[in-house]
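Each of the two complexes below includes chain A, the first together with chain B, the second together with chain C.
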Partner chain A sequence: MTFISIEFLLFFAIIVFTYYLIPHRLRWILLLAASYIFYAILSIQFIPLLLASTALTYFTGIIIEKQETKKQKKKVMLVGISVLLFFLGWFKYFNFVNDSLRAIAKYMNWNYTVPYQEIVLPLAISFYTFQAVGYLVDIYYGKQKAERHYGYFSIFFAFFPQLVAGPIERARKLLPQFKVEHSLNYENLNYGMKRIAWGFFKKTLIADRLAPIVSSVFDSPNPTGSQIVLATILFSVQLFADFSACSDIAIGCARMLGINLTENFKQPHFAVSISDFWSRWHITLSTWLRDYIFFPLCKGKKKRSEIYLAIVITFLVSGIWHGAAWTFVLWGLIHGFYRVFGDYTKHFREKVASFIQLDRSPVLHKWVKIAITFLLVCFSRVFFRSDSVTHAFENAQLFLTINSWRPSGIVKAFEIFPLLDLVIFVFFFIIVQLFQYIERKNASTWKWLAQRSIFARFAFYIFIIVSVLIFGVSGNGFVYGGF
Partner chain B sequence: MMRNIEKYRNAFINVLDLEEDDVCEDLELGVTSEWDSIGHMALISEIEDVFDVSLDSEWITEFNSYLSGMELLKRLGVDFINE
Partner chain C sequence: MRFIREPLSNFSKRSTVLKGFAMGHLFIKLTIIVTVVLLLFMPVNNFVKHSYDYNINHAILAFKKHPYPVDIINLGASHSMYGYYFKPTGLSHLDLALPAQTIQYDFKLLREYGKYLKPGGVVIVSISQITFANSEAKHIGNYYKVLDRTEIEPFRLIDYYSYLYLPGTNSGSFNSALSGKLKNFKWNSHQPWANNGKNYSGRKYEKVEAQYREAVENNNIQQNVKQLRQIVEYCSEKGYRVILTMEPVHQSYQEYFNEEVMNRLVFQYLKALKLDVPFLNYMRDQRFADNKDYFIDPDHLNREGRKMFSWIVYKDLKKLGYL
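And then the complex of A and B:
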């Protein structure tokens, strides 16, 4: 039962109906049961790990709080975090480290006998581990009280709308919301349903329609350079549609239960710099990395070079978090390099913009920056999408070859689309761009829509639903669900 | 002995390479190219050293202008008036 299924919608409808029917004091039991059922349906074998991680974090939090000195608190926090990271490391990184060591041993002619292990990645482990680590650190710093109600804490750990792929929430934002009684509210139901429908729209009409097209190029043994360029740009569109749809559905489901989750995206492909991109893409991970990795690494650092190192390390962690493969490590390092290089050349680039008088036309200057940022992000995604380092470098070389960008080659590359799929994709892509354009002009497209006539509003809602039902394609899980 | 307000101003001048006249109450993070997100981290380290305080992540993000920095430091016991 994934988000994109009739089963999930029925399941969620029953939860919402029951949620508002039963008294507040029983709702945590319903949410907890729903969360565990949802997780069990997707990945029953890892329920014990989820329960163990929950219990570990719960008790570690309380023990940290009970310590008298800062030093003791730190010790307990580090033990708790180490165990959580051990779980994550074992399931997610064991084979990555094992394979890397084996390759090194082979290269050095050493004897290495640890065999490959068949280890399945537990669903959502990267997300709930980061959420748990943040919780323990916040208790250590006194920013969060250790939750004593095991039920509420368990929901915080496994709240089903955001369990699989975030947003990664902070306890101080999420926990209090479970304790407040939410009455049936038309605005919440209305907004929640619209966000869910919009998530279905992006997932089934953009992301899952593009997925096989992109795969046909990246899985091909000898793609042309123009195909790689086109497929990489399409992959960027796919990834955004996929992940933001997942967040839309999570935010929409939570809102229908009266709970506000943190927004995870702010039109990242319209960022004017790499740092701007990271303040718009997967915002809850970016802020998590900033607060729990980057800021601590910057403590006491006054030289720009020291802060540059902290940036690179933070992006390295981001890369490793995304996946246990060298392609993700490289992807993280590329973003670290972008960020550092961008800062180092800031004044030079300003001078160049001034010399060629680009800064005299702010709108053009902004769009040039948007285009360059988008292309830089696309280039990094060659590594994100490629299935091995060798392929990544081959694809990156093709991406950077000038011939790959010849308009005639790009037009020919569109042959990877069956004609009907191309027409459908272009049509719905334009709809999403219009939606985003209205959002950029009005802060919220939904509010803008609310000011239109009832006929226009319902026409749009019906259009979303009918489009999903007729042209929607499903079957793929969420890309970030695999992390 | 240097007054706290002077120490505070000097932190901006020394770390961000600003001229004395540039350090004013209107100064905000991101408005000048010197006080960008990277310069901000260096400024935080300098302020932590100078005033012997520790700023956590929330305060680091809350500290986004000359005046908000003073407000934060006041909350941490730094006296800018009766010293």
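And then the complex of A and C:
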């Protein structure tokens, strides 16, 4: 039962109906049962791990709070975090480390006997581990009180709308919301349904329509340079549609239960710099990395080089968090480099813009920055999408070859689509762009829509549902669900 | 106190009334949206329901309703489905081949419909480039009506009912139906005979190679090989006369699927099986190889090709003493 299924919609409808029917004091039981049922349907074998991680974090939090000295608190926190990271490391990174060591041993002619292990990655482990680590650190710093109610804490750990692929929430935001009594609210239901429908729209009409097209190029033994360029750009579109759709559905579902989750995206492909990109893409991870990796690393550091090192390490952690492969490590390093380079050359770039008088036309200047940022992000995604480091470098080389960017080659590369599929995709892509355009001009497209006539609004809602029903492609899981 | 209490209770009542009004409003909105969606969806659903691809199993369905004894049955995927038309030869024939059919479903269909084969009847098991690599039943809906539910793997109740009654919601079915209506709406380079069929054949080759790689990785080949042996043994047990065939393809297709490639994809496994049944390989038959008039596209025969090929098979079966 994934988000994109009739089963999930039925399951969720039952939960919402029951949620508002039962008294508030019983609602946590319903949410917890729903969360565990949802997780069990997707990945029953890892329920014990989820339960163990929950219990560990719960008791560690209380023990941290009970310690008297800062040193003792730190010790307990580190033990708790170490165990959580051990779980994550064992399931997610064991084979990565093992394979890397084996490759080094082979290169050095050493005897290395640790065999490959068949380890299945537990669903959502990266998300709930980070959420748990954040919780323990917040208790240590006194920003968060250890939750005593085991039920509420367990929901915070496994809240089903955001369990699989975020947003990564903070306890201080989520826990109080579970405790407040939410009455049946027209606005919440209305908004929640719209967000869910829009998530379905992006996932089934953009992301899952693009997935096989992108795969056909990246899985091909001999793609052309123009195909790699086009497929990489399309992959960026796919990844955004996929992940933001997942967040839309999570936010929509939570809102229908009266709970506000953090927004995870702010049109990242319209960012004007790499730092701006990271304030718009996977916002909850970016802020998590900022608060729990970057800031502690920068503590007491004043030299520019030390700050830059902290930036690179933070992005390295981001890369490793995404996946246990060298391609992700390289992807993280590339973003670290972008970020450092961007900061280091900021004044120089401003001078260049002034010299060529680009800054006299702010709109053009802004769009040039957007285009450059987007292309830099796309280049990094060659590494994100490629299956191996060898392929990644081959594809990166193709991406950077000037010939790959010949307009005639790019036009020809569109033939990776069946023509009918291309027409359908372009149509829905334009709809999404229009939606985003309205969002950029107004605070919210939904609010803008609310000011239109009832016919216009209904036509749009009906259009979304009919499009998903007829043209929607489903069957692929969420890309970030695999992390 | 009374003064304060009264307005509060009034406020509470008003708020409940407002809430009820808002919910009623939401309910009406949802009802209108659902009704319009249904009204718009119905013609689309009918369009898909009446499309060629959705009814691709119509011959088997018709046979299921009014079965009769048959002389010959052919199994296999689309090459076989477009390959045989025995009516002019006077043989009564049941075509059990469907697009992208896996050998598992060949066996399931044979078990279901083999009982209608006349004593000593012939079963043609068509072997193609994908026979041993194909493991996923991509068009599982084709079997919902022609096989018992217990034979469908994996069987999901929601998929079953939505495929039967709401095929418009299945984007694959809708896409096929739309593509069927817009047959020529393709890039020039994607037309079946563009570049003398080489583009089509090249794309098909890449697809088959990818499928083969996946099958090797997932260890599916041996399962399919085993399944072919089971079919042959089952036929022998039931007294059916079984024959393996490979349908003709166009020259351009042969260039990609040359001897080396076919050995790797098919023949190495077939040889290792050492089956004691004849294998009629027409893949490189010169009567078809360079004649586009017999093909819809480089690997599927058209009506003319089908008729001619069926006569050839009929004569060869006679020579072998099968008929």
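Going forward, the second predicted complex is superposed on the first by the 483 of 483 C-alpha atoms of A that agree within 3 Å, B and C clash if a C-alpha of one lies under 4 Å from a C-alpha of the other, contacts with A are read in each partner's own complex, and residues count from 1 in each chain.
Throughout what follows, contacts are C-beta pairs under 8 Å (C-beta built on N, C-alpha and C of every residue); 3 or more make two chains touch, one makes a residue touch a chain.
Bear in mind the structure is a predicted one, so any value in this text is a computation, not a measurement.
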Which of chain B and chain C A:I402 touches, first, second, both or neither: neither
Chain B versus chain C as contact partner of A:L419, first or second or both or neither: second
Contacts of A:Y141 with chain B and chain C, given as first, second, both or neither: first
Which of chain B and chain C A:L184 touches, first, second, both or neither: second
Which of chain B and chain C A:I470 touches, first, second, both or neither: second
Partner chain(s) touched by A:I6 [first = chain B, second = chain C, both, neither]: second
First (chain B), second (chain C), both or neither touched by A:I462: second
First, second, both or neither for A:V120, with chain B first and chain C second: neither
Common interface residues of chain A - those touching chain B in one complex and chain C in the other: none
Chain B - residues contacting chain A, complex: 15, 33, 36-39, 41-42, 44-46, 48-49, 56-58, 60
In the complex, chain C residues that touch chain A: 19, 22-23, 25-26, 29, 32-33, 36-37, 40-41, 44, 158, 162, 168-169, 171, 174-175, 178-179, 182, 185-187, 189-190, 206, 210
Chain A to chain C touching residues, read off their complex: 6-7, 183-184, 186, 189-190, 204, 219-220, 415, 418-421, 458, 461-462, 465-466, 469-474
Contact set on chain A toward chain B in their complex: 141, 143, 275, 290-292, 295, 298-304, 307-308, 310-311, 343, 346-347, 350
